[in-house]
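By letter and in written order, the chains are A, B, C and D; residue numbering begins at 1 in each of them.
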Amino acid sequence: MSEPKRVTIPYRVPYADTDQMHVVYYANYLTLFERGRNELMRACGFTYRELEADGNALPVLEAYVRYHTPATYDDLLEIVAWIDSFKGVRLKIACEVRRDGHLLAEGYTVHAHVDSKTLRPARPSQAFLAALGCLAAPADAPPQ
Amino acid sequence: MSEPKRVTIPYRVPYADTDQMHVVYYANYLTLFERGRNELMRACGFTYRELEADGNALPVLEAYVRYHTPATYDDLLEIVAWIDSFKGVRLKIACEVRRDGHLLAEGYTVHAHVDSKTLRPARPSQAFLAALGCLAAPADAPPQ
Amino acid sequence: MSEPKRVTIPYRVPYADTDQMHVVYYANYLTLFERGRNELMRACGFTYRELEADGNALPVLEAYVRYHTPATYDDLLEIVAWIDSFKGVRLKIACEVRRDGHLLAEGYTVHAHVDSKTLRPARPSQAFLAALGCLAAPADAPPQ
Amino acid sequence: MSEPKRVTIPYRVPYADTDQMHVVYYANYLTLFERGRNELMRACGFTYRELEADGNALPVLEAYVRYHTPATYDDLLEIVAWIDSFKGVRLKIACEVRRDGHLLAEGYTVHAHVDSKTLRPARPSQAFLAALGCLAAPADAPPQ
């Protein structure tokens, strides 16, 4: 896998995201991560909506967030997402939330690529792997 | 329709529901209303899950909230719900949010009883109307 | 008051906003309305953050939504907001949610302009009224 | 520290918590964890509201969730919470979400005990540590 595609999107914090500690409530970072993942897939040319239309899904197996500095109301955040690894049916996406370039929070989600009907692991299509830049590159081939 | 069944449920406010004004964020009252509706239907002996299993749904057409006094973190609220009217396929449910009996917010939601496949209006079943106490009572019959 | 300023912002629907009816959950429209209000004030040159810095607040007194057609996951919505009226300390903001120009939902919120310390009604500053275009215009003056 | 106090609370899943995959949206488990923490502290006789009244706070430094089986609409869940460790100003709380005793998700949050004004680490009061059962027990004393 070559250098992973990294997508950055802007996000303006509404009152809805804050709590009485005057900061973005900790659970809402997972929604920010989702927004990052959605746009990462769109930037790769294979949206999550298309993945679902193909009968697949990427349910979350694990989620982790490390909080450094709180985001506050009306902040214009940057959400950064990239594929950390994609092995078999297990996809790990890394995410950061920044403000003016300064890291506020970081973490990851781990997903299983499954058949959305049976929820059983399903081999990702070549088209999906290619779009995400996760196909074994020629450089990975054994030397000849 | 006789005196409508009125259901009251307790609800403890988490940090998640608050915003930086130190009160419950205004949109979250609609979620409280939903909790009230769910328990109203359960108390009537016909849960929303059963309604869906029967192939029906009650999408929201209108929602209104009037805010009197803010709810705050860790408050133990009372959510009160009752059927205001059920005419044809149009169901109106009233709701109040109270704390120590004192009214904090009130409002209503209007729903259409529809077929969940086609989303077209669908006549409610007699079982559902009976459960909700919304069948025409004998007293409504013309005098003889 | 002259023709009110109308602001339109884009909004991409995440999974987080949906419910199991495959549509945006009804309470989330109030958060969309808030996003619209925030950007309306920013476009007027007087953000809500500035209003708070001045010691004021605009708590919600009433909220109403009428739902026409559901928004769904990954839709790119347009949120439209404008000032419906501003009389004394009572501000009414109208809002629409559209997709490809088609109206999905509409409604309004009513706010009181208050002192954020005492929560008592407080006369809006001339600067705020001017920014919102809500100062009595010369055309409103009696003919001479 | 003796065997930690373990608190279990019931939670009924509203539509609001679900997403279009027909399961509870993954970020909402962190709100369930918060509900568990709140009741854990209440059961210990020292609520988070009291902690705040004392001028302290417990902002989240880290959060982790591992998802096993999805929760769905109208499920009556059990949220279980207990103190995993409390060293210096660093408090780790473990949490599980169960349905009919079956584990659906588990994880933890790590908090810093801080002064809510300065947000700097602040030594927890003896009263708080005692309430949480986190004072060094006599058995920890050196043998004589």
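We take it that a contact is a pair of C-beta atoms (placed from the backbone, for glycine too) under 8 Å apart; a residue touches a chain by one contact, two chains touch by 3 or more.
Predicted model only: the values in this text are computed from it and were never measured.
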Between A-B and B-C, the pair with more C-beta contacts: B-C
Duplicate of the B-D contact set - from A-D, A-C or C-D, the pair where over half of the pairs recur: A-C
Distance from the mean Cα position of chain C to that of chain A, given in whole angstrom: 31
Inter-centroid spacing, chain B versus chain A (mean Cα positions, whole Å): 37
Centre distance in Å when chain B and chain C are each reduced to the mean of their C-alpha atoms: 26
Residues of chain A touching at least two other chains: 15-16, 21, 23, 27, 31, 34, 73
In the complex with chain A, residue positions of chain C that touch it: 12, 14-16, 31, 34-35, 38-39, 47-49, 73-74
Chain A - residues contacting chain B, complex: 15-16, 18-23, 25, 27, 72-73
Residue ranges of chain D in contact with chain A within the complex: 21, 23, 26-28, 30-31, 34, 57, 59-67, 70, 109, 116
